[in-house]
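Two complexes follow with chain A in common, the first pairing it with chain B and the second with chain C.
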Partner chain A sequence: MTTAEHKSDVDTLVRMYRMLARMNRSRPEARGSQTLYFNLLAEYYTRVSNAHRDGKLLAAHTVFFPTEILYAMDIVPMHTEMTTWLHALFLREQAELLAKGAELGLAPEICSPHRGVAGIFAMDAIPHPDVILWSNLICDNTAKAGELMMELSNSPGFFLDNPFQDSPGEMDYLVGELEEMVHFLEEKSGRKMDWNKLSEMIEHTDREIELYREISELRKAVPSPMSIVGYLELLSADYMFPGQPEALQYLTLLRDELKETIQEGKGAVSQERFRLMTLFVPPMYMISSLGNLFEEKGAVSVVEPMFTRWSEGKLDPDRPLESVAKKSFLIPERRSMYGPLSQQALQDITDSAEQYKIDGAIYWAFMGCRHTCATIKVMKDLLNEIDIPMLTIDCDIVDPTITSEEEVRDKLEQFFEMLEDR
Partner chain B sequence: MTYSNVTDKLINLERFRIVNRSFPKTEEILDLKRQDRKVFGWLCTYVPEEIIHAAGILPVRITGYTQETELDDGSAYLYINNCSFSRSCLQMGLKGEYDYLDGLVAGSTCDGSRRLFDLWQHYLEVPFHHMLTVPRKYTERAHKLYYEQVVMLKEHLEQHLDTEITDEALLKSISVYNESRELLKKLYQLRMVDKPPISGAETMEVLNASQRMPKEQFNQYLRELLDELAVSGNEYRGRSRLMVTGSVMNNPEFIRSIEELGGLVVTDELCTSTRYWSDPVDVDNHSPLEAISRRYLNNFPCARMVPSERRFDRILQMAHDYKVDGVISQIIRYCVPYAHDIPLLTDRLEKAGIPILALDVEYGTSGSGQISTRVQAFLEMLETRKK
Partner chain C sequence: MNSSLRCWKTVRTMKTLGIDIGSLNVKAIVLGDEGVIGTGIGPPGDDIEAGARSVLELATRQAGLNSDSLPSVATGVGAKLVSITPQQKSITTCLARGARYMFPTVRLVIDMGAESTTVIKVNERGRLADWANHDKCASGTGLFLEQMAKLMNLPLEQMAKLSLQAKGRADISNTCAVFAESEVISHVHRDPPTPMEDIAAGIYYSVVSRIISLCKRVGIEKDIVITGGMALNEGLVNIMEQELGCEVLKPEAPQTIAALGAAIIARENAEKGIKT
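Moving on, here comes the complex of A and B:
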């Protein structure tokens, strides 16, 4: 594939998001925050597409990577998992990417997003990254993804070793890892870290985390103001633009919309009947139809403890690198998916169930995510103790061939009937 | 595999078999319990056994069923997509097979192992639990972190037992464990020759026992076994010399099934075998705890470590030293660290002219059925290459 073709592939994402934003503008009921979100993604991929033309280093990185550092160094980040699967969803290339991963020798038990990432690198179907950055946060898959990406792209790389538990020694270790990564990036980019800029971003990130907490609080309202579609957008803000004014702009707008919805006495669905806890994330390709089903049944996801419940703590702009390290200990995903299964993580589940007045929980059992699925029984037992039923749905978050939409719909309908009977 | 003059009267091999047949509830372990001695379980080779041993505790490795078994309970608790090793171990725990344990120590080595630890802690009553953070790198910074973790384990144990673990006790334990490593190295060196006196399956039986009984007693039996082998006149031969790599595996029947097809397993890269015994603790210029910490982080690496090249280099070196004709990689389904390495390892081996057979297996498999067919075809291919 030629360089021009790479560009056009990413440009497809830009065009699709611009089109979605335009369509939203013509729909009076569309949320302004969603329109902004589409525009921000279009901007993100424009930067990816133009990185080399603009003389900037393009860094491919795995999920939950501290990209504040990249933004502060004027390096363009490219989120490998998100890019691969947005690309696949819009271009309908899921099967092709997974087949390419299999051709490389990756077993089907390896999580599909990472098989797809290997596939897209082997197909040379995204702009060529100048560096590969990866980390063990959040699992063995992310820890093992980097070396193959380096080999396939023939790019240098840096592995950020994220410690498992939260202790002063481990915090020091992570800060040391970040320092080493900054040196690596300075060498590769020929640019020095702008520490003032990083401090500014930490200030933004801290505000961003506050906004996440405010949004979570607002979702306690009955009826709850945010839909399951909004949940996935909410996650992307921190994944794609952490510390950026765009993230603040999006989260502020979303928060204000939610406040307004509550003040008007409205909810995310016309008639709220079932308040749900979402555990893990539903399949990306099913989001739109799930939104419709939830509207039809009066179901709303009000809390997602594994993804939207940030730990307590503040960042300090005067200690930017320490704050980047600290943020990785505050993110919700770390507590429930990466570190030890602590009492705090378990307490979050029961506290959330009570505070958000949930009627039931849905655990999206993504077959490629072993360490999260290992908590299914623990969570089910905890929720049973407080008389909350939990439905487990086996699925794949990106591969539509694993579970059909009809099957998911049937299970959800039965679950809603059971909740109704209760 | 064919053999000549092979004696089935290796007394010390039989002693190891007795231990393995009754594990987890061996006579030695039950005796210790009757004497009020403590027994701790450990998960993964990044747990420094010497520290547990120096506290006067018997460390035993948690393993699962040595044959394919329905893992209903294991799957119900850990879900179906965790590796069958974790599910098998947890099921044995849930069934009370390890109900004598006074403690459990693990490392944050892979997702399967850490979740096994989490659920063991959550559902099974064990008085002492400890998880070590194990860095994935070899840098000085990583060594500093791991050293701190090792110190924390020692202090946690001291607090729990209300006793001091002295440097003297640590040095004594290091000496016992290093002797064990040296003896196992000698056993492996016997397999470098064209007609080794011990098979791959028998070696696995020795290794299993090494992690299930008091080390001092194991060392004595192994010394005697080496003496027995020296005069046994045993000579094993095979159609091809093989190395087994990949996920955790401690089932001698799997190795035996390969050897019955004519392959001679002369070495391995398994955490239950070579990666368990290789590399002694070097106490020169280090305190006992520093020496232990450096050995465990620098040891023959698991696929979890970065860069993977260090593991690949050691595999290639072993393939050379043991004159290996081919490699059989057995990877348990959902064992992600090893599965991810297959494209890169295959490339390195092929560049070195060593064919690899990559098998997806379940923990405890005996290697029958389709696996047997694939091994047979692999052996035929290796023979064709030799002609």
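Moving on, here comes the complex of A and C:
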């Protein structure tokens, strides 16, 4: 595939997001924050597409990578898992991406986003990255993904080793790792780290985390103001634009809209009947039909303790690198997905159940994420102790061949029926 | 007579219809004050709508009624494919209601149908509290047992009787119907061949072990009621009881319990004034 063709693949994403933003503008009921979100993604992929033309280093990185460092060095980040999901969603290339991953010897039981990432590299479907950055946060799959990406792209790479536990010694170790990575990037990009810019981004990130917390608080309202689609937007805002003024703008606008919705006495669905806790993430390819089903049944996801409940703690712009390290200990996913299952993660679940007045929980058991699926029994027992039923749906985030939409819908309908009947 | 008494009388004389449209059979129940007054069972055929209507006719004729006038609820895999009634309920809710009606002490229902197995936890009020189902592979289903009986060149009933005489159990895979089939073939052809009764017991055990692990997911609690067409298979029920370490309660017509539950829900709906 030629460079021009690479560009057109990413440019398709840009065009799709611009079109979605335009469509939203013509729909009076559409959220302004969603329109902004679509535009931000269009701009993100425009930067990816133009990185080489603009003489910038393009860095492909795995999930939960501290991209504040890249933005501060004027390096263009390209989130590998998100880019794969979006390709799968908009370009309908799931089968092709996963088949390419299979050709590389990746079995169907392996995490599909990582199979897809391997596929997207093997298909040469994205602009050629100048460096590969990866870490062991959030799982062993992520830790293993980097070498394959380096081999497929023939690009140099850096592995960031994240310790499991939050202790002073391990924090120092992580800061040392980050320093080493900054040196690596300075060498590859020929640019020096702009420490003032990084401090500014840390200030923004800290404010963003505050906004995440405010949004979580607002969602306690009855009826709850945010839909399941909003949940996935929230996730990608931090995955893709952390520390960026546009992320602040998006989160501020979303928070204000939620406040307004609450003041008007409205909810995310016309008639709220079931308040749900979401554990893990639903299949991306079903998100639109899930939104419709939730509206039809009066169901709303009000809290996702594994993904949207940030740990307590503040970042310090005067100590930017330490703050980048600290942020990796605050991210919600870490408590249940990385290292031992923390007591705090379990406490979050029981606290959330009470604070958000939930009627039931849905665990989206993503078969590729086996280490997280190991928590299903513990979480189910915990919720059952407080008389909250939990539905487990075996599924895959990207691969629709694992569980059909019809099967998922049937299980959800049964679950809602059970909640109604209790 | 005051209005509340009139209302009570209307409800008490009500007759309702429940229909369970399964993949191999359609089951219909007419429920009156005195209990089940009509039953129909038959295949859905190529035209599900017509198949369901003819089973429904059987049940209503037995009850001496006209089906058009009865409040009704449909359930089962084909419930959404027919226009008999706008009211549909999931099989799990219906099974919980039906099993509770038959056995008020029920806490766990094991439903073994042609294409899937579902275990249902019932709370102290007789409501569905949790469920788990096995629907990814044919192993553990009625169709799997039919296939195995065919492979052993035995009628299903004879395979069940044979298993009761087993002195041991052949090892048969419980994770894949295709692997299980090749294992049975290998047991039949090995020298000396594994005794047929041990193969039959092994087949039932492979199904039961899979079901027991489902039961553990929701929690095993007595009384346990077994429903669905496979509950009629004495070989399977025998091994199920051995593995559970307790007796299971078996309704007289286990394959009609979901339809019975649907008829009960139709009655509840009518009592609440919900048009069915």
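By our rule, the second predicted complex is superposed on the first by the 421 of 422 C-alpha atoms of A that agree within 3 Å, B and C clash if a C-alpha of one lies under 4 Å from a C-alpha of the other, contacts with A are read in each partner's own complex, and residues count from 1 in each chain.
As a working rule, contacts are C-beta pairs under 8 Å (C-beta built on N, C-alpha and C of every residue); 3 or more make two chains touch, one makes a residue touch a chain.
All of these numbers come straight from a predicted model, not from anything done at the bench.
Trainee: After the chain A overlay, clash or fit between chain B and chain C?
Mentor: Superposition check on chain A shows chain B and chain C fit without a clash.
Trainee: Looking at A:M418 after the superposition, I want to know if it touches chain B, chain C, both of them or none. Which is it: first, second, both, neither?
Mentor: Second partner only.
Trainee: After the superposition on A, what does A:N141 contact: first (chain B), second (chain C), both or neither?
Mentor: Once the two structures are laid over each other on A, A:N141 reaches chain B alone.
Trainee: Going by the contact rule set out at the top, does A:G176 touch chain B (first), chain C (second), both, or neither?
Mentor: A:G176 sits against chain B, while chain C stays out of touch.
Trainee: Just chain B (first), just chain C (second), both, or neither: which does A:R53 touch?
Mentor: In the superposition, A:R53 contacts neither chain B nor chain C.
Trainee: A:E109 in the overlay: touching chain B, chain C, both, or neither? Say first, second, both or neither.
Mentor: A:E109 contacts chain B only, not chain C.
Trainee: So, does A:P389 touch the first partner chain B, the second partner chain C, both, or neither?
Mentor: It touches chain C, and chain B stays clear.
Trainee: Using the touch criterion from the header, give the chain among chain B and chain C with more contacted residues in chain A.
Mentor: Answer, by number of touched residues of chain A: B.
Trainee: What's the minimum Cα gap, in whole angstrom, linking chain B and chain C in the superposed view?
Mentor: In the combined three-chain model, chain B comes within 5 Å of chain C at the C-alpha level.
Trainee: Across the two complexes, what residues of chain A are contacted by chain B and by chain C?
Mentor: none
Trainee: Which positions of chain A touch chain C when the two form their complex?
Mentor: Touching chain C from chain A are residues 384, 389, 394, 407, 410, 413-414, 417-418, 421-422.
Trainee: If you look only at chain A, which of its residues touch chain B in the complex?
Mentor: 104-107, 109-111, 114, 118, 136, 139-141, 143-148, 151, 159, 161, 163-165, 167, 169-170, 172-173, 176-177, 180, 340-341, 365, 367-371, 373-378
Trainee: Where on chain C is chain A touching in the complex?
Mentor: 89-93, 123, 127-131, 135-136
Trainee: Which chain B residues qualify as touching chain A in the complex?
Mentor: Chain B reaches chain A through residues 76-83, 108, 110-112, 114-115, 117-119, 121-122, 131, 133-137, 141-142, 144-145, 148-149, 303-304, 306-308, 331, 333-337, 339-344, 346-347, 358, 360.
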